[in-house]
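Chain IDs A, B, C and D follow the sequence of writing; residue 1 opens each chain.
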Amino acid sequence: MKVGFVGLGQMGQAMAGRLLEAGHELTVYNRSRAAAELLAARGARVAGDPRRALDGEVVITMLADDSALEAVWITPGLVQKMPPSCVHLNMATVSLRMGKTLSSLHRAAGAGYVSAPVFGRPPVAAEGQLDIVAAGSSSAIERCQPLFAVLGARWFVAGVEPYLANVVKIARNFMLAALVESLGEALALARKSGVDPAVFLEIITGTSFDARYKQYGRRMVEKDFASTFPLKLGLKDVELALEAGADSGVPLPTASLIRDQHLAAIAHGFGDQDWSALGEYIARRAGL
Amino acid sequence: MKVGFVGLGQMGQAMAGRLLEAGHELTVYNRSRAAAELLAARGARVAGDPRRALDGEVVITMLADDSALEAVWITPGLVQKMPPSCVHLNMATVSLRMGKTLSSLHRAAGAGYVSAPVFGRPPVAAEGQLDIVAAGSSSAIERCQPLFAVLGARWFVAGVEPYLANVVKIARNFMLAALVESLGEALALARKSGVDPAVFLEIITGTSFDARYKQYGRRMVEKDFASTFPLKLGLKDVELALEAGADSGVPLPTASLIRDQHLAAIAHGFGDQDWSALGEYIARRAGL
Amino acid sequence: MKVGFVGLGQMGQAMAGRLLEAGHELTVYNRSRAAAELLAARGARVAGDPRRALDGEVVITMLADDSALEAVWITPGLVQKMPPSCVHLNMATVSLRMGKTLSSLHRAAGAGYVSAPVFGRPPVAAEGQLDIVAAGSSSAIERCQPLFAVLGARWFVAGVEPYLANVVKIARNFMLAALVESLGEALALARKSGVDPAVFLEIITGTSFDARYKQYGRRMVEKDFASTFPLKLGLKDVELALEAGADSGVPLPTASLIRDQHLAAIAHGFGDQDWSALGEYIARRAGL
Amino acid sequence: MKVGFVGLGQMGQAMAGRLLEAGHELTVYNRSRAAAELLAARGARVAGDPRRALDGEVVITMLADDSALEAVWITPGLVQKMPPSCVHLNMATVSLRMGKTLSSLHRAAGAGYVSAPVFGRPPVAAEGQLDIVAAGSSSAIERCQPLFAVLGARWFVAGVEPYLANVVKIARNFMLAALVESLGEALALARKSGVDPAVFLEIITGTSFDARYKQYGRRMVEKDFASTFPLKLGLKDVELALEAGADSGVPLPTASLIRDQHLAAIAHGFGDQDWSALGEYIARRAGL
């Protein structure tokens, strides 16, 4: 396929390389030309102007952040300059606000647009093992499928509105940050209480967390809160953690905030429902 | 094996039943005798006094909480009445303070003691599929192994000091609470931003979190913070989540606190180290 | 007046001394007798048993915490041993739970009881300049008035149920803690952003906070939320603080949590009401 | 004095009116001209272009937020167009980032600049009773003094760098937000625990908080942490509040986070120092 590629940082470099290896015909653009030249040696055509990248079936952007996208794509009016034959495939992580702006700019210009941020770092990209979350019209997504097949181990569709893919990406990244934080707090508690951290890690990863994400997630989504483990017992467990933290002298800020959420959820009548009903309290707090 | 069993709530009932099925000889005690009688029909000897449960090789306690343990086990002086031939195997979740109290009471009395709290609910217990975290002297743990084999799918050793098993249990429960909270916040963000929650759940559980717990955990334990994804980019991701929450009107308290931890970690020089170095900041904040 | 005094730590010592100076006739008791002997020199009668302190019109307790009160007052059955002519005046800070326990124990025993925790440290007590928050029946409080007049600069009545005074004391102490925390965060922001901290302090204390406590408090109590400064502008101010903190590298955890409370309050329709309506959201979150 | 005035929202309107009453000669500009015309009736000259406002001794801007300032002042290049005889006096609240941008833009252009945000709402402005926090060179501030005298009840100098005034304004607003939040939490606790909220408010405002801001602030600034009330007792008070909240079913998120700060401060050796040392822990957490 004839593909434009704009933005050749570490991720862009790895992804464009992978596409070249798979036999796609690439026109590449980068603000500092040196990064583009690296790909010329591997068969890419180097464009001095990003407009040149618009004459394929798909133009991929992989720009570092909102302001790079603003500078390279929006301000020069590329949305308006896209030919009807081309679909814009934005694979970078952008803010929700920028995601919405891009959705509406392309709609207004009648330009094809798919937002498809990825999970994975450059080496994973180079091996075509990314996870891709796409959103856009089905015809636009269909156009991009051969590229997803080369770049990704898996790909998912988040909805028709392109910015919905940005929401999913942002929300999952947040979940990873929460994982890092809670793991760090738990390890600090274990270490300061005398548990060998390597033993602790072996034990806690000896059983699956994935199963719990699925189990609690299903209940939250289906609002199935018939209790197997009531929320008020969850509060008891969180209080045991806070007491242990106080005894060992370890601040557990995540546990502190979760305790407050439980108190509020109980005040709103969720105490005897399943632990997952905490998600329903959280949703109501957001006005849902 | 000749086994005493004290505390026949839902979990105790299921565990004692499983042990009877496996051919162990049980003497059971419960404060309200009705629960004990249920097991008599399945072959257990019912004791009217918990002291009768001390004449086997192991006496298991599965009492509801600290105060039940205080009332049934400690105040009546059972620790001091245990014969040298018997090992106390406490499989209930207790506070760290109670865990330490039990450790020292048994040591002072020269009584064998293993703390081995379990993960899993009654139906899981009835099928012998619990996860067991044990701590105690190797000889005492060896004595309990035939019982672990019947009750558990897996079992782990947390250390020699019995209360270390309580720490692990408490810390892992806290991690589950953090999982529920962060999942609830992420779902609220997704829903209020227009993503179909079932689609969101399918996508985020389409890839493994377990691998991340292992990856970040290993780095924290080995203090291997050579960057593949620097902490300051983690902050950027958290800020994208907070911005999205503000745009959609969704409070994300976990993201808020994680942001502050990142700012503090960066102020302490961890900005260019791997994201997992957040765990090191958290440990230092605890005085480690 | 003939007064018993139980508990002669630093505060008790100062208060008992003040009562002696004012001409009251004291019988004092302390677990370690040395503290009591210090007052003997100033005219107190030293009791070897706290029961001896019950034969006056009022017996004051000033014990360090819940467990001291448990050990010295409750377990030995002093509540039941109080003669009808005596009123128990507990001036120490205890937990709400202990406050309720004391209220009901005395009611059950038909014993007079006033809870009257104080604000102020030992030197303030020695000069009779404490602030006293009392709760109890009007006749019991009337009995204690001559003592309040000697010990306090001001005294307030929180209600008829004695434990209500404990609530007020606990809640006000929490407000002081919040004052320390927010002042610390604001100073850290100012310092790291280049403001001379002494200048900062002079400016922020150059205008009154007391007026604001009164103004916002009145609106919360009267639920008068007609806007003069809408809550959504309060959110804007909090976000300016968080941005400044991020720019200067200063975590502001109080600002982070307040931001989330604003987002939730706005999601519940309070955005255009006066800033003080945040208090109404907080109350609703507590199930009020 | 001949003064330009740009930005005639509610605050600008009130301030400009006050200046006119005091006899100053105003040239006013507002994006929607209607607001300017209101002042014409009171003697102001209405400018159709903000450049006309630059020909006095001082030009005051009172624009709503960063983006208004960007659109009206920065993008049209007014900084560069200011004659040497004029000083720019920005009395609006802007972000720290914008404050720094303005400081450096004016410095680069050699234009006089004072940042002087105000405390107070429109009616207070109309009566010339604002509190003003100014920063800038002493000569530039001297130029503005006659205007401060008309608009303010008090005015303070935060430093020579203009953006320092923005820091002070932002930090003090944050402290007010923290006051509202902690007052709301304390009231919720009192109400749900049975205290009459009006009585509670009367008691807690019956003694001064101002004195505490000064006392703890002085200690933080002078790093005078010789204990009169040790930090670890502060932790005890916060835990009493959290227990009371749990008993009454009231989440106290501010208390939760303060508890964690205390645990961390104690882990860093501040437990026996004065409560105000919490500020020192907070500063160190920020890398100070």
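As a convention for this text, contacts are C-beta pairs under 8 Å (C-beta built on N, C-alpha and C of every residue); 3 or more make two chains touch, one makes a residue touch a chain.
Keep in mind it's a predicted model, so treat the numbers as computed, not measured.
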item: Most remote chain, CA-based centroid, reference being chain D; value: B
item: Whole-Å separation of chain centres (CA-atom averages), chain C against chain D; value: 30
item: Chain centre separation (chain B, chain C; CA means) in Å; value: 38
item: Cα-centroid distance, chain A relative to chain C, in whole angstrom; value: 48
item: Per-residue overlap in chain C, given as positions that touch at least 2 other chains; value: 249-253, 257, 261, 263-264, 267, 285-287
item: Pairwise touch network: line, ring, star, complete, or other; value: complete
item: Chain D contact footprint on chain C (complex, rising order); value: 65, 93, 95-97, 100, 119, 121, 131, 133, 154, 156-159, 161, 164, 166-168, 170-210, 212-214, 216-218, 220-221, 228-229, 234, 236-238, 240-241, 243-244, 247-255, 257-258, 261, 275-276, 278-283, 285-288
item: Chain A partner contacts - residues on chain D that touch it in the complex; value: 239, 245-246, 249-253, 256-257, 259-261, 263-264, 266-267
item: Residues of chain A that touch chain C when the two form their complex; value: 253, 257, 263-264, 267-268, 285-287
